[in-house]
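What follows is a set of structures to go through.
Here come two complexes built around subunit A, the first alongside subunit B, the second alongside subunit C.
Coming up: the complex of A and B.
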């Protein structure tokens, strides 16, 4: 099973699934902003654990889903942490030839591990618990012009069609020549042909789709109705409000004690 | 970081001015406002680029996180060919930026390994192309403009990479060493490739937008 099988929206009877989609998007941005402000790994680590707990508890995401979806990201975060161990200036604590690990690198490395991991994990929480159609509806209700929100939705709607197009072109090329076991140069040429064919077919479909949309009066009326509506509840604000309070608390702790504790 | 930001903005302006005074491919400015056809084309291109870029992105993230700025520089320019293509097909102000945001959103929702951070690259790279085209008055769409817009977007995108991955140009020399590599990568993989694809698409005569010209 590939990563994408685990990383997709599923209907669950969870608190996060029932939260207003636009509020969840704001929450993701709040988490990201907080992670960019944090200067110690303690705050990043706490935030990572909180987002993970939220995903498992309020989102009812299984640990297997989290692990299978996040393994690449956590791996990349780990590599980024190692890179910062070596690249940052400071007192040398270990060296082997030209490779040196500094004390500042050891502190700042985990900051970037948690930054990358937590931002991506919160984005994944949004994907796991939010139907894209609901997200677009909530964005339009929040004031985003319908035509632009629909463009994003349409791009996502085209994804499976493009996937099928790729498979069809690959099959057509396989019938006409050798595709498997051929050289890199040959494969590169094939790739070029795939992309060009998919582009042509995709853009022709776009023209037809645009005509069909205009025939149906797309964007004619300012007032919009929805097949599946989403409704905002005041209780949905609990998520961003608590997040802001936690972020403020962590930033305060950083400034008053954690930075001094870590010698920053 | 302030010096690096100023440097990147200066690069944009210089590249825009070079494009304005050297690209002789002057075309009539398109009427502003997006038609439904423009929006759907952007959506389809964003979907195609989103799928391809998510795949290439994993390789780029691996190179960047393990080797730093120099690691990903060689393939830094491989993500913006579709921005150039969209800007050269639609030829209206704001298309590159809108494309960057939509393509970035598609990547986020596809589960890109940078999460919501992907939008940062979409915005910075889209803005860079907009800046070059703005200086050209949105009326020069030749090879030179395409290549310079590719160079600009590739280089300007590193500004977000530096913020996101914590590469401080003040002590990380790699950020500066990677500049020419980023630029060459952007010129070839974004500018040249985007322009060639736009030209080949126009030659097929299949697209209504190209038949008009």
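Coming up: the complex of A and C.
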């Protein structure tokens, strides 16, 4: 029996599951654009909390799923924030030898943390609440050739398999012990090997999948039959419209108040 | 004669090489598949089976390139002149690992995917999905995600997805390679159903069982050459011995037939089914009603000391609300070979992970080498117990075979150059890996990967060695070699735990067998006693070996069968000795 795959689509009776897939994709892009415009951690933090609330409330995603799926990315975001504490110019607020933390670094670090975490979290919301097939259908309806739409989103189909593979490799490596060197060097070696093993097996799988798609008539014609259809409702627009309003509000607040408050 | 009216596929003097400068992979193949026939392609690993299959759907040469000589005709049309997308409508290919060919998320979407591409009408697809879900017996899983299916269900879905495209020929690439006996039987039943519907079938395998009697034709491939073709009875009579030496698993019934021929008996027809084998034995006068077949009883001498591992009432859940283990008690004693058997998902791998510390025992008690499991750290435990994973690639950490062994030696504190070289040589020789010591672990053959997996796990002299599915991806010779290595390790006092659903291996090698099903242990004892418990086998979705089934039938005919007969070799020895004595 295998462990649960946390980063995968599940049928849920949630508002986000019922939202038109292409609209959710647009929403992810809107969130990403907003996060790249934001210049203060206040707007980034508010947006992160809003996306998290949306995932838990309107998406009915459990906190465990959010945590298990996001831990690596949030960790990377945290490291990115620490990195920015030290590398940015500004007034030195703390120093130890050649390491200095600046006031600008303290402000800009969290901006990068929230940028990475919020964009990834919104992408996860899309994955958790959207059947790849429906997303593809909605993209084709929006005018994209189905070969391209399918190729892009076939990657999502493989996320759970990659997750399984990572777990299997981690388990196998953990019983091999540590040969030599520091704990950091050992961890680095393991990471190298995870990437190598997963890349090799990923390439093998990709080759088989590409062949299998050919054998199953993929690209037989410009057109395609769709057994399951997706239907757009006007109410689906609520998500992007409210998001645009919130983003606009946050950008306005940044420009008129928060930037000055943080001395930017 | 109009070939296309009679034959689904015709190969005319076909040779193929991947690159012109390379050697020929397939050599002068001449054969045909009659419409509606059931054909088996058999050969050891690396014989060219997959390359041959790729010629049917045009993947070779359209995608793979290379040099193709001769002609491959599908329904009368050359594949070289056909486009792959047109061949997709005629030839269905179920890949060895169907999970890799799935393109959607849910079971019913997967079945619809092919016909949707081929522009079938919506209603026709919907009807076809219903029919195929019903036919393959996966109706109740129609909304399941494809990665949550069991091995058998994945094979059935792969088959249903291909059938939905209404092909005239179906190629099944080793569909039962890693299935439990019940799932294997279900896939076989499905194949016969397809045959009865007039579909031409080519089943690729490296393992033959009594199901082979249902085939219309067997093709034997070795080093790219077709060394035999014909109906199973004639071919196995004529070429059985040669096929046996290739390392292909043969049914035990055929092994008995070949053994009789080797002993000087003349057979007119090779027995394949149990009934035929019994008829042969009776007609040759080797068995007579009222006689006895007596073998020494296998006595399991359990070590008198305390068990190395002792688990009591273990329950385990992955946190998804379902229990993978629901109260298992299991002891492992020094120097024994224990087989843990059960269908896919029975809890075998979960137990193995508990034993090596990757899963933590939270409910029930588990003592490992005299200490509660909770007090062990995984790296410390690795000095006492090792696991050879089903896919050895997951374990590899370096770029050469030698480095891989060095890594394990260093992780056990051996850093001295001379000592390192000495220990490495010892392991390379023991596992017969010296010739490939500078190769990359990922570039090794399946058999050598397994050996390297064992070599890395033997470092540090563990007290218990767990081997997950010894037959996975291996032909008979590879499996036998691996098991002989296991026996040699056992003789050094190491306990071997073999996780498997191959009952032939269990019967031949295991001292003790524990049967798992749905997270519970249903049996713990010697293999001979297990085969006397059909209800337990049924509950665990296992099956008796053909030999044991036959012994059961002999008992019903009034023959007194006693003792432990671990394989066909022992069986033949006993009956031939009986005859000599008579």
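Heads up, the rule we're going with is that the second predicted complex is superposed on the first by the 185 of 264 C-alpha atoms of A that agree within 3 Å, B and C clash if a C-alpha of one lies under 4 Å from a C-alpha of the other, contacts with A are read in each partner's own complex, and residues count from 1 in each chain.
By definition in this document, a contact is a pair of C-beta atoms (placed from the backbone, for glycine too) under 8 Å apart; a residue touches a chain by one contact, two chains touch by 3 or more.
Being a predicted model, the structure only gives us computed values, none of them experimental.
Enquirer: Could you look at A:250 and tell me whether it touches subunit B, subunit C, both or neither (first, second, both, neither)?
Expert: neither
Enquirer: Quick one: classify A:122 as touching subunit B (first), subunit C (second), both or neither.
Expert: A:122: touches subunit B, not subunit C.
Enquirer: Looking at A:140 after the superposition, I want to know if it touches subunit B, subunit C, both of them or none. Which is it: first, second, both, neither?
Expert: A:140 contacts neither subunit B nor subunit C.
Enquirer: So, A:173: does it touch subunit B (first), subunit C (second), both, or neither?
Expert: The second partner, subunit C, only.
Enquirer: State whether A:72 touches subunit B only (first), subunit C only (second), both chains, or neither.
Expert: first
Enquirer: Report for A:230: first if it touches subunit B alone, second if subunit C alone, otherwise both or neither.
Expert: In the superposition, A:230 touches no partner, neither subunit B nor subunit C.
Enquirer: Using the superposition on chain A described above, determine whether A:195 touches subunit B (first), subunit C (second), both, or neither.
Expert: Only subunit B; A:195 stays clear of subunit C.
Enquirer: In the overlaid three-chain picture, which partner chain does A:54 touch, first (subunit B) or second (subunit C), both, or neither?
Expert: Neither partner.
Enquirer: Is A:218 in contact with subunit B, with subunit C, with both, or with neither (first, second, both, neither)?
Expert: After superposition on chain A, A:218 lies in contact with both partners, subunit B and subunit C.
Enquirer: Which positions of subunit A sit in both the subunit B and the subunit C interface?
Expert: Of subunit A, residues 3-4, 132, 150, 154, 200, 205, 209, 211, 213-214, 218-219 contact subunit B in one complex and subunit C in the other.
Enquirer: Going by the contact rule set out above, which residues of subunit A touch subunit C in the complex?
Expert: On the subunit A side, the touching residues are 1-5, 8-9, 11, 131-133, 150, 154, 157, 160-161, 164, 168-169, 171-180, 189-190, 193, 197, 200-201, 205, 208-209, 211-221, 223-228.
Enquirer: What residues on subunit B touch subunit A, complex-wise?
Expert: 34-37, 39-48, 50-52, 58, 61-62, 65-68, 89, 98, 102-103, 105-106, 108-111, 113-117, 163-167, 171-172, 174, 197, 200-201, 204, 206-208
Enquirer: Would you pull the subunit C residues touching subunit A in the complex into a rising list?
Expert: The contact residues of subunit C facing subunit A are 57, 59, 63, 84-85, 88-89, 91-93, 95, 97, 99-106, 109, 112-122, 125-126, 129, 143, 145, 147, 161-162, 165, 318-320, 322, 324, 345, 347, 349-350, 353, 356-358, 378-379, 382, 386-387, 389, 391, 393-397, 406-408, 410-412, 415, 442, 456.
Enquirer: Which residues of subunit A touch subunit B once you look at their complex with the stated criterion?
Expert: My answer: residues 3-4, 7, 28-29, 32, 36, 69, 72-73, 76-77, 79-80, 82-84, 87-89, 108, 111-112, 115-116, 119-124, 126-127, 132, 147-148, 150-152, 154-156, 158-159, 162-163, 195-196, 198-200, 202-207, 209-211, 213-214, 218-219.
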